[in-house]
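Got a structure for you, questions after.
Naming follows writing order (A, B, C, D and E), and every chain is counted from residue 1.
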Amino acid sequence: MANNLLHVEDLNIEFHDHIIPETVVYDFDLDMTEGEIVGLVGESGSGKSMSALAIAGLLSRHDMRKRGKIEFGDTDVLTCPREKLRSLQGNEISMIFQEPMTSLNPVKKIGWQVEETMRIHTDKTAEERRARALEVLSHVGLEDAERVYNSYPHQLSGGMRQRVMIAAAMAITPRLLIADEPTTALDVTVQAQIVDLLKHINKKHNTSILFISHDLSLVRSLCSRVLVMKGGYVVEKGPVEEVFNHPVEEYTKKLIAAIPKVEL
Amino acid sequence: MKKFEKILSLLLVCTLTIALCGCGGDKAGDGSTITVGIAQDIEDTMDPHLCAAAGTREVLFNIFEGLVKPNSNGELIPAVAESYEISEDGKTYTFVLRDGIKFHNGKAVTVEDVKASINKCAGADGGETLVAAFSNIASIDTPDDKKIVINLAEADTDFLPNLTCAIIPADHLDASTEPIGTGPYMFVSRSPQDNIVLKRFDQYWGEPAYIENVIFKVIADPDTIVMSLEGGSIDMFPRVTSAQAAELSDNFTVLEGTMNLVQALYLNNAVEPFTDVKVRQALCYAVDPQEIMDFVSDGKGTEIGSSMFPAFGKYFMEELNDVYNPDIEKAKALLAEAGYENGFTFTITVPSNYEQHVQTAEVIREELKAIGVTAEINQVEWNTWLSDVYSGRQYEATVIGVDASTLSARALLSRYVSDASNNFVNFSSAEYDAAYAAAVASTDDEEQTAQYKKCETILTNEASNVYIQDLPEFVAINNKFTGYEFYPLYAQDISKIRFAK
Amino acid sequence: MDKILEVKDLHVSFAEERKSLFEKKKRIEVLKGLDFHINEGEIVGLVGESGCGKSTLAKSILGLVKPTQGEIIISSKEHPQMVFQDPKASLNPAKTVRFILEEPLRNLTDMSPEERFEKAAEMIEKVGLSKEYLDRYPDELSGGQRQRISIAASLMMDPKLLIADEPVSALDVTVQAQVLELLKELHKSLNLAIIFISHDLRVVYQLCDRVMVMKNGLIVEQNTRDEIYRNPKHEYTKSLLKSAGIGL
Amino acid sequence: MSKKTETNNKKSYDFNLIVGIVLTAIVVIPSLIGLFWTPYNPETMNSSLKMAGPSLQHLMGCDNFGRDVLSRVMKGSTTTLLIGLGTVAFGCIFGTVVGAFTGYYGGIIDEILMRCNDVMFSFPSILLALVFVAVLGSGKYQVTVALGIAFIPSYARIVRSEYIRIKNMDYVQSAKLAGAADLRVMFVHMLPNCIRVLASSVLIGFNNAVLAEAGLSFLGIGVQPPDASLGSMLSEAQTYLFSKPGLAIAPGITLIMMVLGIALLGKKVDGKK
Amino acid sequence: MPTVLKKIISAILTILIVSCLVFLAFSIIPGDPAVAKLGTQATPEKLAALRASMGLDKSVPERFLTWILGVLHGDFGKSYSYSMPVTSLIKDKIPLTLMLTVYSFILMIVLSVVLAVYAAWHENSLIDKILQILNQVIMSIPPFFGGILITLFFGLGLKLFTPGGYVSYHVNFGRFMGYMFFPALAIALPKSAMAFNLLYTSLVEEGKKDYARTAFSRGNKTKDVFYKHLLKNACIPVITFLGMALADMVAGSIVIEQVFGIPGLGRILLTSIQNRDYPVVEAIIVIIAVLVVVSNLLVDILYRVVDPRTRS
């Protein structure tokens, strides 16, 4: 299909390091077009992170059996040679994670980590890389980009670290950004700023975003489409307003009801 | 990260190359050099008059000489003195200085040097007497620049062996750091715990040494002796054990001599139950020296019956060996008589650095089980043995080898006189004291020898200690060399060694 | 209703590691003078961003941190207890649930073992878990179950005041709802005063009668819930409400 | 061994665990038997059998005194096992107490005890051993106590770092809130959580204890003859390494198997997340 | 920085305590230098005279004070057995033992890092298992026995070096370094086995952490993730071990010097203890204490360098 960025069909993921093989994701289907923001909602253990990791090609450990297809553009992430997969990772597909505290290398400077994708995928000179890194750091709303560039992760707050993660992901503008619960560990005020930043990136670079979260209200404010997962199955999917206003599945209803309401 | 990996592999490569360029081993004998392994560095002093350790005397034998010096079969031959005369009454000893004899520093030896050296040993100028017998010197006169006359207060026919004490330059009496003597080799340098280097003294009065350079290399770990010999880093090692000798390949010859040591189970006669002669005799009957020799040194070694070894041909009494031939029943009977029918327990304290003595103690322990006596073994460190056992006398029994510091029978018998300062076994018998005094006093040689033999017999009959053997000494020497000679006391005469044709 | 806790002009500061030998010993002020009181049986929300001193306030009320100035007055035999945020670290992994529940009784009362077991069984049912959970280890429980156990543990001495430091923020939404329900019931049945620390304004709205807003060591505004949510006075409270998507 | 075998929901049997159990069994069981019975009395000498090679009657041959090597190895491994475990237990118990106090309280106590640790580390073990032997005399029990004391600093350090890590955990705060006194917090609440780290270091400690005992025997101040530990047999056998390597191989292999077996068990204990 | 000052003061304190303990130790151990020197020729008078000349008749505290004063102006006293100043006796021994320790330290680092990264990278493969077993076996070999085996295998077997053929670095530096490789290897092997074990588990641990996954998500090759990201983090727990290992190696060299016939500090210490040569033992122990303290300082500095979190 034309300008179809991602086509995931009948994806099943089985864990094999336990004695009895355990399936965590059953028949997962997903289609994304350029510039679209899709939400993936579910409680812990629902398989949402596993599917995201599979799409990003990070489930390469030998005891993880994967069946089905994950087509990104014209390459199938599951079967393509490792070289090809590596050329996509960090270049076309980038990912940011939930725990800003531990997702950055504690003993390396921020600047070095942000420049890493450029070092691997481009042949930019050191100055060009430095300039781009400073530029992208200021884009994500860090006032003193120079100071952040030269500091270490433990010297920054949670919110600043998550911005650095996003800057690193955006250094060579990817076509797909996978955000695995990026705001869960942050304060409410900082959460809002990160969500705004993702919206801005999507508009400015037309980067499509796969947003994974267990916070329904957040998904509602950011995504155009949403999939609800439970126990490894996709129980409901569709445009966000439709799913929210008249949910079909029992589980979705229960989820929506559990959101603490504030009626003034 | 390419950079990191490059450093690592670089480091690995350079450590390996260094290792390889180091191979090939240094050739030990470049023509006229011999490397002799020694078990212990000179750790007391290099001053010939003060040194005490046997290992030190062995090395210094090549550097210093007295007026007379011992030869390989135990006679005293003239050295610094050309000739000597002993007066009838045994009171005056006259020596004629060998003309043209020089010190290592090139200066000629004068009578003043001889007088100064003897006075130093006698502690004449206020120092302590280093050679006990010299306290008997009344005066020393030098009538001309050739003669030295020593007058004794009381007659002593056995005084000559003491004059092997080293003659050193009068103006350089402190030889501890820079030893100068008249011997065939002169001192070059030393590096503590590593080596002592000597060089041939070309102006030596006697026939010069064959090999030019001698390196005494310290091999502290007994287990590396065989490897060092095989590896070629040393050419010779005196006093290897029988086990080590068996390990050597055939480009080494193993010469067998005796260590000139009286090895025995020394009993502290002042401690129960060893105060009772019957108990001591019982032990003598229970311990079988031959079995000990079988285990400890493959049957080699010479059995001894008293405090004398074969090198002193004149005084050694073969028959004393059979006084206590092994007899378990007799031993048990003696124990019963002494009131110990169901045996007793005692401790053998033994220095841990002498493997042969430790092994002997283990064999004795087994043998004594036959008569119901249990011997516990307590290994102690050498210095602890010296202070607790030897000078402190706080022990029940010990296994050690006692050597003779001078070539006289007295060196092995004076120890058993009741009030002798080195009587660490606390042996005392009036009869023995009388016999020993008579021997010292007598001026006639036969009579003196008879008295000495009487002393030995008393020691055996009184079973002062359980005498075992004069340990065998194995000298491992590379086939390139020959000419090694055994001496009846601690001496490694390197000057006799030459290249085998 | 009489006051169960009164805090007057509370200051807390820590000695900072001296940078260099010459520099005067600097002390960082964490609490800069707080005055408030908690009435019996009242749920008070304490809201503020991380780093504003919420946890330090909790610890000083509990006596774990010594205040440098001001006083904390708690009524007589009261032992205020605390429920921690991270379910994984709040229970001792090496001990059974039963041991954890009986611990306060073992130290502070002279109850016999049977009495202690009864009280523990009674309490575990109160927090909605069955008795056989008593012999389980914390690792075998889910996040929600663990929070219920730590609530049960904190109520063993029938305290009148409970401090909950973000008890639900690490839980899934559905589980969050159940735990909040539990706190509400306990508050009613035991007339339990709760200081509910959280950064999630929606949760605070559902649970608390009064709300105090903290910003770097100071209480900038404290009022009834409806006053705070309907017409916030302080700028900071407004920005909090706005970013939580609440308000006009 | 990557093939998965059908057992309960745990990773397949670990290759190391099996090897560990087998090795330890091969060594520990004979040494336990050695307490009551050995094929021959390890001390009887027999000059005709001197340096005899392995034969049917003497499976491991005879040593330089004609004593049966198998019986001596069995007796020796019991001694080594006892000394190893004794040393580790002694060092571990006192080390834990020291570590607990320094880790939990910090401040001056920490400073003082850490200074003692540094002093113990820089004091040469040989001089330390000599002092103990001089004060306590030599022999099995004295060696165990001497080595035990020398092992305290390393355990103290391990326990101290664990305590520093745990003392800020929430469950420690709640233990304090539950009215537990310091001692109770330290040893009832905190200690069980360091057991796993302690267990694995205890087993590595055993390895070092056995090697240290062998070192002492090498200097002749360890186990007194005719008692023997694997270490002392090894140092005695070195002189006959060329002509009779078997004499060194028997105790050497047994020592390595014992240490290896226990170390692998240690890895298993540590590996159990 | 006050912490550095505190460290130096406590270091000096440690050295003071250690040397004081040595004095006490010698007053407990039987025997004294006079007995050692006179050996079997000792007579009570000779002993008394020699003790007086050695100043042994003064009380322990008095002797300790005179020793300390001496040390303050660089005089470590005269050795009883070699009757020459201790400083000149030890002067050329220190570089030897230092050289041996540093040489084996580098060998240990090179061996353990290369092997650990390789094993961790190929986790659960055959090589990994072989390296594990090999490393456990090496760890269980007593150092003196290891020394003998190495001499047998490399020395007599492959003739790579002459056993016992120590050549001082004054004479021929190349051959000196060549010879020293093997004792260094004997010391390094057991230590590198332990370092391998520590580094391996730490690397596997770090591999499970989030930042490793981030590194993979950026398209790094596995090798790069290990070297560029994991290794530096994995080294942190190993650093404490390295500090202790450095101090251990100084003690370890005593045994190895004996087996390889190297006249280093270890050998002199052993013989001086047996000869009760107090000044020499004191001086060497102070040097060892300094080495231990320096290695602790190095560990702290290394911490600061590797782990920015400690640079508060």
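Definition applied: a residue touches a chain if its C-beta (ideal position, glycine included) is under 8 Å from a C-beta of that chain, and two chains touch if they have at least 3 such contacts.
Treat the numbers as computed from the prediction; the structure is a model and nothing was measured.
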Task = Check every other chain and keep only those touching both chain B and chain D; list them.
result = E
Ask   = Which chain is most remote from chain C in terms of Cα centres?
value = B
Ask   = Which chain is most remote from chain A in terms of Cα centres?
value = B
Request  = State, to the nearest whole Å, the distance from the C-alpha centre of chain A to the C-alpha centre of chain C.
outcome  = 33
Message = Taking the mean of the CA coordinates per chain, how far is chain A from chain E in Å?
response = 51
Remark   = Chain-centre distance (mean CA atoms) for chain B and chain C, in whole Å, is 86
Task = Return the residues of chain E touching two or more other chains; collapse runs of consecutive numbers into ranges.
result = 29-30, 148, 152, 270
Inquiry  = Can you list every residue of chain D that touches 2 or more other chains, as numbers and ranges?
reply    = 130, 134, 238, 241
Ask   = Listing for chain A: what residues touch at least two other chains?
value = none
Note = As the complex stands, chain D meets chain E at residues 2, 15-16, 19, 111, 115, 118-119, 121-127, 130-131, 134-135, 154, 157, 204, 207, 211, 214-215, 218, 231, 234-235, 238, 241, 248, 252, 255-256, 258-260, 263-264, 267, 270
Query = Residues of chain D touching chain C in their complex?
reply = 169-171, 173-181, 184, 189, 192-193, 195
Query = Along chain C, where are the residues that touch chain D in the complex?
reply = 59, 62, 64, 79, 81-82, 84, 86, 89-95, 103-104, 107-108, 150, 153-154
Note = Within the complex, chain E is touched by chain B residues 1, 4-5, 8, 11-12, 15, 18-26, 28, 41, 43-45, 52-53, 128, 176-177, 191-194, 217-221, 223-224, 227-228, 230-234, 353, 381-384, 386-388, 390-392, 402-403, 405, 421-422
Request  = Would you tell me which residues of chain E are touching chain B in their complex?
outcome  = 29-32, 35-47, 49, 81-84, 89, 92, 106-107, 110, 113-114, 148, 151-152, 155-156, 159-168, 172, 174-182, 224, 227-228, 231, 258-261, 263, 267-268, 270-271, 274-277
